[in-house]
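Chain lettering (A, B, C, D, E and F) follows the sequence in which the chains are written, and residue indices restart at 1 in each chain.
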Amino acid sequence: MSNVPDNPMTRPRYTGIPTFMRLPYAEDWSDLDIGLIGVPYDGGVTNRPGTRHGPRELRNQSSLTRTINQATGISPYELCRIADIGDAYIERPFSLEEAHQQIQGFFDGVVAAGLVPVSAGGDHSISLPILRALGKDRPVGMVHIDAHCDTGDDYLGSRFHHGAPFSRAVEEGVLDPKRTIQIGIRGGINDRDIWSFSHTSGMRVIYMHEVPAMGLDAIIAEAHRVVGDGPTYFTFDIDALDPAYAPGTGTPEIGGFTSLDGQRLIRGMTGIDFVGADLVEVSPPFDPSGNTALVGANLLFELLCVVAQATEKRKSE
Amino acid sequence: MSNVPDNPMTRPRYTGIPTFMRLPYAEDWSDLDIGLIGVPYDGGVTNRPGTRHGPRELRNQSSLTRTINQATGISPYELCRIADIGDAYIERPFSLEEAHQQIQGFFDGVVAAGLVPVSAGGDHSISLPILRALGKDRPVGMVHIDAHCDTGDDYLGSRFHHGAPFSRAVEEGVLDPKRTIQIGIRGGINDRDIWSFSHTSGMRVIYMHEVPAMGLDAIIAEAHRVVGDGPTYFTFDIDALDPAYAPGTGTPEIGGFTSLDGQRLIRGMTGIDFVGADLVEVSPPFDPSGNTALVGANLLFELLCVVAQATEKRKSE
Amino acid sequence: MSNVPDNPMTRPRYTGIPTFMRLPYAEDWSDLDIGLIGVPYDGGVTNRPGTRHGPRELRNQSSLTRTINQATGISPYELCRIADIGDAYIERPFSLEEAHQQIQGFFDGVVAAGLVPVSAGGDHSISLPILRALGKDRPVGMVHIDAHCDTGDDYLGSRFHHGAPFSRAVEEGVLDPKRTIQIGIRGGINDRDIWSFSHTSGMRVIYMHEVPAMGLDAIIAEAHRVVGDGPTYFTFDIDALDPAYAPGTGTPEIGGFTSLDGQRLIRGMTGIDFVGADLVEVSPPFDPSGNTALVGANLLFELLCVVAQATEKRKSE
Amino acid sequence: MSNVPDNPMTRPRYTGIPTFMRLPYAEDWSDLDIGLIGVPYDGGVTNRPGTRHGPRELRNQSSLTRTINQATGISPYELCRIADIGDAYIERPFSLEEAHQQIQGFFDGVVAAGLVPVSAGGDHSISLPILRALGKDRPVGMVHIDAHCDTGDDYLGSRFHHGAPFSRAVEEGVLDPKRTIQIGIRGGINDRDIWSFSHTSGMRVIYMHEVPAMGLDAIIAEAHRVVGDGPTYFTFDIDALDPAYAPGTGTPEIGGFTSLDGQRLIRGMTGIDFVGADLVEVSPPFDPSGNTALVGANLLFELLCVVAQATEKRKSE
Amino acid sequence: MSNVPDNPMTRPRYTGIPTFMRLPYAEDWSDLDIGLIGVPYDGGVTNRPGTRHGPRELRNQSSLTRTINQATGISPYELCRIADIGDAYIERPFSLEEAHQQIQGFFDGVVAAGLVPVSAGGDHSISLPILRALGKDRPVGMVHIDAHCDTGDDYLGSRFHHGAPFSRAVEEGVLDPKRTIQIGIRGGINDRDIWSFSHTSGMRVIYMHEVPAMGLDAIIAEAHRVVGDGPTYFTFDIDALDPAYAPGTGTPEIGGFTSLDGQRLIRGMTGIDFVGADLVEVSPPFDPSGNTALVGANLLFELLCVVAQATEKRKSE
Amino acid sequence: MSNVPDNPMTRPRYTGIPTFMRLPYAEDWSDLDIGLIGVPYDGGVTNRPGTRHGPRELRNQSSLTRTINQATGISPYELCRIADIGDAYIERPFSLEEAHQQIQGFFDGVVAAGLVPVSAGGDHSISLPILRALGKDRPVGMVHIDAHCDTGDDYLGSRFHHGAPFSRAVEEGVLDPKRTIQIGIRGGINDRDIWSFSHTSGMRVIYMHEVPAMGLDAIIAEAHRVVGDGPTYFTFDIDALDPAYAPGTGTPEIGGFTSLDGQRLIRGMTGIDFVGADLVEVSPPFDPSGNTALVGANLLFELLCVVAQATEKRKSE
């Protein structure tokens, strides 16, 4: 009865208080496997802001998702106990590093409660405090779909902005670069070595201009090879999609994936041992039609499917 | 501690799950005085639809309201115990009359629980089932701010559409026309006697073209005179405002009130014995900037203030 | 039966092929008193284009008008035989002067058929060829509501752009400056003598910054005094309204009239012997909410009311 | 001379009264082969409304279509006599079943007059009364391009909503499931057997997740095989396209076809014996850029091409 | 020749590189009296971000301003040498206090060069570093038009956010509260003493709910009385206007001034010894029609007029 | 130091005065190789206007481009000296032919100064005066990516509108049709011989419906074959892209290229001896999300890359 989305067969989709996927909002986490979490923070952006409003719109549009993935047959709600567990509130938004500490505090609690987090950003800088919580005991691998490697360094006076979380995560020992694959990288650059951290640390980088010749199936196979059997994080930056599909984002880069590509890539990752996931960089103020949040909510459901399968598998072992 | 909006001093306004006014969502109504209710139904419209999405956007924008009315000093949360008690779900949306029965069923429960309802529409046809619940024992008076009298008759095959709820309410004995005032009426008409029901039943009608000469203070005084001391309902149709202020509505009529006028009119009704209120006809699909829902959420707060004062007064008597 | 708008009591407003006011489209003009005409031309603009799309959107939004003016009691359709007689097609849009000749040709035909034209622009340059047709035999007076006097001179190589039609009309003897009043003039200027033509030719100019002290009633009285009993044209530039009310226009000037002001000004002109009218400068591409076209369609109905009254009076004399 | 779209070589596209394809509006149907029809009804939707405004915007955007299909060489206006024959007016919009009866009444007249209908919705529930008129004498086959099978059952108290017309059509004997193909099905589901009616009745269902591997050519071949030589209806739900191409619709599902795919699919159906077609679910209030109506109008032209060819072939036999 | 806006009589308004008012961009400040400055910073906001994009859109829309104020006859370009001197670049946007130091550094240079700054924000927190530069030698008085007093205190961990600059400015001795007037204050509050700093420090506060009875002329007179003859700063927060006029802002409050009110208030301040001015809180991402930036650019021109007059007066003394 | 874009590593992208690519604005052309030029003119359009506002929005969005093409490794700023050299001002916008003369005058100056022009329109008619300047001494070849051949003839009274520049260019001897390739042609047509000029003059036309079977690589090879080694112009009409990618244009045609296709096509032209390029038909009023200008700015950067390479090669020979 609980931990199941509101049934649209009796309660139309446009009704009710918008939680993620129309799930119950849970303050008691004791009987949960997976927590859906909003991280309304955009203090790490380097250009257009607005992703602080992302979780709210993703919740809103997620009322259009349903319970079973028609393409894969997976229903996450049959596999795991899932709830919307609210937002990682940021009470110190005026300082990037303090905000990250607060986010990490929330996720430390999630991990301590034995929950697998599936999060909605927020800008990409939020993945760093999440990884700090998840990778505390051992570095995790990562499937990373994005237009940018986000392995930059100091920029506008900080090393913790949304273009650099994964350099920091590797340096802090919470992310294993050898088990990390980055897919869809493109756009102009100001420095030929902008992503040298990715290459020198051993990450596998697949550029967008390689995709037409390589094909999605080969990319998926390569991802499985790179991350292997170990615990893995899945991070999907909505700007991996072309701005025709996802205009509402802070650093749009033309020439990206379609949303069908995005779905196929996520579905192809089924079987990897995911210990968490996030969908970031949805910026509602730049999304007049609401389409970016709609795509984001659907991809969040796809992420939930692969995470739920991995979680159920770990439970049953 | 409970029944108080989330504090934006620690939790920024853009965070959290959007309930009305950031109040707790209450399934247990036992300790409440006032319930904020969504009525996501637009099956009674005669032109542009979309108000079914109104409650959701009003909840969303209501996160910008605060706890104290700076102009009047009233804080409804200090006077009464208030919560978001969810939506009057409509499980039979394809039949206007069945939908109204379901809405009435919800409000019968509200009345039975001793709650004062403050509702967010939905189209104006929803006021009829609400009045049926509130006026069951004796007809109520009404302050009605709107561009249209909504005392029409059969139209497109029904007598229950959003242009006729108050004819039906009078006929059914739940609304007292002698204690009803309608303010802001305007727009073209197709029949010189379109609002004859209002006039022949004894309602006091103030047309918009009378407003510049009459002034708001005289209108407010007249409202107090008309409704007197008895139990009174307050219904505010957002199309009373000019479309420059509230474009997102189904039947916009130019030449209307400003939102400051709207605030002053509601504040002026302080002291009337309100037993319920609604704010209707916000249609988000026709509201690209979100401004209509913002205005609507603020006017809903103003309504809550005058209703809370009346409720507190009844409690203390 | 004919020459009456489609009845929304049986055919909902959102249905049917959008003619002006849901009137029949008439190719046979023999039984008509008034013709509603689109003039889809914006080749005279000096800044933002788009009014070529105005007639279509005005037709579209005019389905929200009705048959009787609730404020004045006038129903134009009871007084006169009225139809949508189509567009003054411009087959030579690439040359401003040739386009004006074509527009004039259309209106020469309208005048020859004994019809009173009520037109929807297009940019304000279209009033010149209309006046050429209407003022052929004797100059007409004019009520002109606008943010700009439009009595400029050569600009960007032409004397026929939308900022100068009324200088040309006076010079050509089709407009009587002594019987012309211009209301609502405002905005920055680049030349202190920009409107010297208005002043030296004897037009009465009422600036917006004079309006708060003067009041609408005094302005209306002054208009009646200026134009007197003679044949008079009515031209309403939508940019007379504040951009909050009418953002979709080519040369917006803040600090303008409300739409209620606009309605009151037009209604106040009842009794003047109008021989034609136009509503110009609605630019749909700059009107994301459609509100400007909605306001324009309603003001076009107000113009139709005062023109119909004058036409009926002439017929009955 | 008649039954040809207004020529933009002399009358620019943005001029005139917007009928479908700038064709004449015909009240006399005696000399026509094909009628373009609006069905402005959205009382069957289960989520976002607005398609009642579809016919108007499709007419508006259809002024951008031209007379000859450059890819196939077909000009429908050379093959058949075609006109805009107006809207199937719904005078009882408040009752789903009564509205369907009225729509059917209009189409019964169309069939009686020997016209082939090409219709613009409205929500997908309108296909049921159309099929009742077209399949009265014998069931028709169907090419159905959509994100949803629309073969559901009772939902929110009705079996006639826009997710179920084709179950009803089969049950009523007006649609032959063995000669029906459904293409593009996708999106989450709440019930694993949601489309069991399609499968058990013998319809051929091609899911979107099968499309990349199958390819468009194979799908087209399969459609020809399934429907064979018999009389066939063509229904195209705009939500078959990805929301990047068609955001303005009531039940958007990401991961859909491109508009080029849509064109190629329709063109590939040339040669099938089509007896009618519709393009449904364009919802202008959710279409801020107008792009969905633009795509819809172009696909309506593509449908007109294949229907005109079939109609001409039947005439010449 | 220089320090004059590009002439639209030869170069249309939509052409050229958008500087403020189409003025030359000056890197050499030696011959200037007034510098127009962008301050693209929104790191101090407490709710909706986006004002970092304000200067760009204000520059863009300012191409619609002209050289002479038609209402007052003032041409700032005849009185003073004025240029766009670029942006106060913020190279440390991730720390609120460091960003303020950088802004102050820029304005220290402006003051050292003898320039009077007229600035475009950015959020209201930028007024603090500007006042630090302007009030270094002695506190300045202030005319402050806004929906909020912005004299708050610690909030979300900082005392330097956009709701508190003027408390800090008083404490730091750069603003004289006795010579400060705040006009238009309104909106809900969470603390009855939220603006106690204004009251206890001796600022004159005029609430919006006092405005209808008081009238604009009395407010203007009161402002002159309060600030007297001393050096005075003028700060105009666009949220002083009603959201119907200025929806694109971070903390909209309904029931505000019209843009005509805004113009009249600024014009009424002519004669005060202004030493600088700013127009803040224009947030383009929340401004789909661009109207807020248009209003803002026009009010910036009004501010420039009164500042130029004061500057010219000081020069000539 | 000069002729390099403003560095976003110290000056965030949203700051500064928007020139093309954040390059310096240069009035002194003596040290330049390539000039980026705006041509804000839309007097040649046959349907929707608005491209006069194109250069401004392209400058605005171009702040999101960077210095190095990540896919090809080319940095145009390392190869050539490049600046924004302003707009080809049109002082006679009311006459199509005079406007073209003024545009040509500007480009004659560009050619005389030895600059290679890379231009941003404006409508496609501007390519004619540019070609007149570039092809004065000998006809140039052309790579032309577009939905339309633009080799029409007289239309609406002119032979110089945006659907005919290349017929005129061939007739005037400034364009070599044998060395011209046109890619992406599609959409309905009103005349089977509409593009006969292309075919009879010897241009190579690749229709969109041939593209899926042909593939991008074969198209690129064919382009190299057709244009050969001679001097070549590159013109990219944004309507070559599907309206999902570029809705903001005057003559949208569904079924077009993706932006990734557009990038791949331009990159594939590397090695051709380009002597100039333009990107035309971006119409901001029809682009609510700003996405079309974003795509346009990125494709302008891609064009700059291939032009810079050709320019550098000529310099070093």
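Assume contacts are C-beta pairs under 8 Å (C-beta built on N, C-alpha and C of every residue); 3 or more make two chains touch, one makes a residue touch a chain.
The structure displayed is predicted, hence computed values, not measured ones.
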Set of chains adjacent to chain E and to chain F: A, C
Most remote chain, CA-based centroid, reference being chain D: E
Chain whose average C-alpha position is farthest from chain F's own: B
Euclidean distance of C-alpha centroids - chain D vs chain E, Å: 55
Distance between chain centroids, defined by C-alpha means - chain C, chain E (Å): 38
Residues of chain B whose C-beta touches two or more other chains: 10, 12, 14, 48, 52-53, 91, 93, 156, 242, 244, 286, 288-289
Arrangement of touching chains [line / ring / star / complete / other]: other
Interchain contacts (touch definition) - all pairs: A-B, A-D, A-E, A-F, B-C, B-D, B-E, C-D, C-E, C-F, D-F, E-F
Of chain F, residues touching chain C in the complex: 42-44, 48-50, 52-53, 91-96, 98, 156-158, 160-161, 285-286, 288
Parts of chain C lying in touch with chain B, wherever the complex brings them together: 7-10, 12-14, 64-71, 73, 242, 244-245, 258-260, 262-264, 288-291, 294-295, 298-299, 301
Complex contact set, residues of chain B against chain A: 10-12, 14-19, 25, 38, 40, 52-53, 55-56, 59-60, 84, 86-87, 89-91, 93, 288
Partner chain D, residues of chain F touching it in the complex: 46-48, 155-156, 185-192, 207-209, 212, 242-244, 247, 251-252, 254-256, 286-289
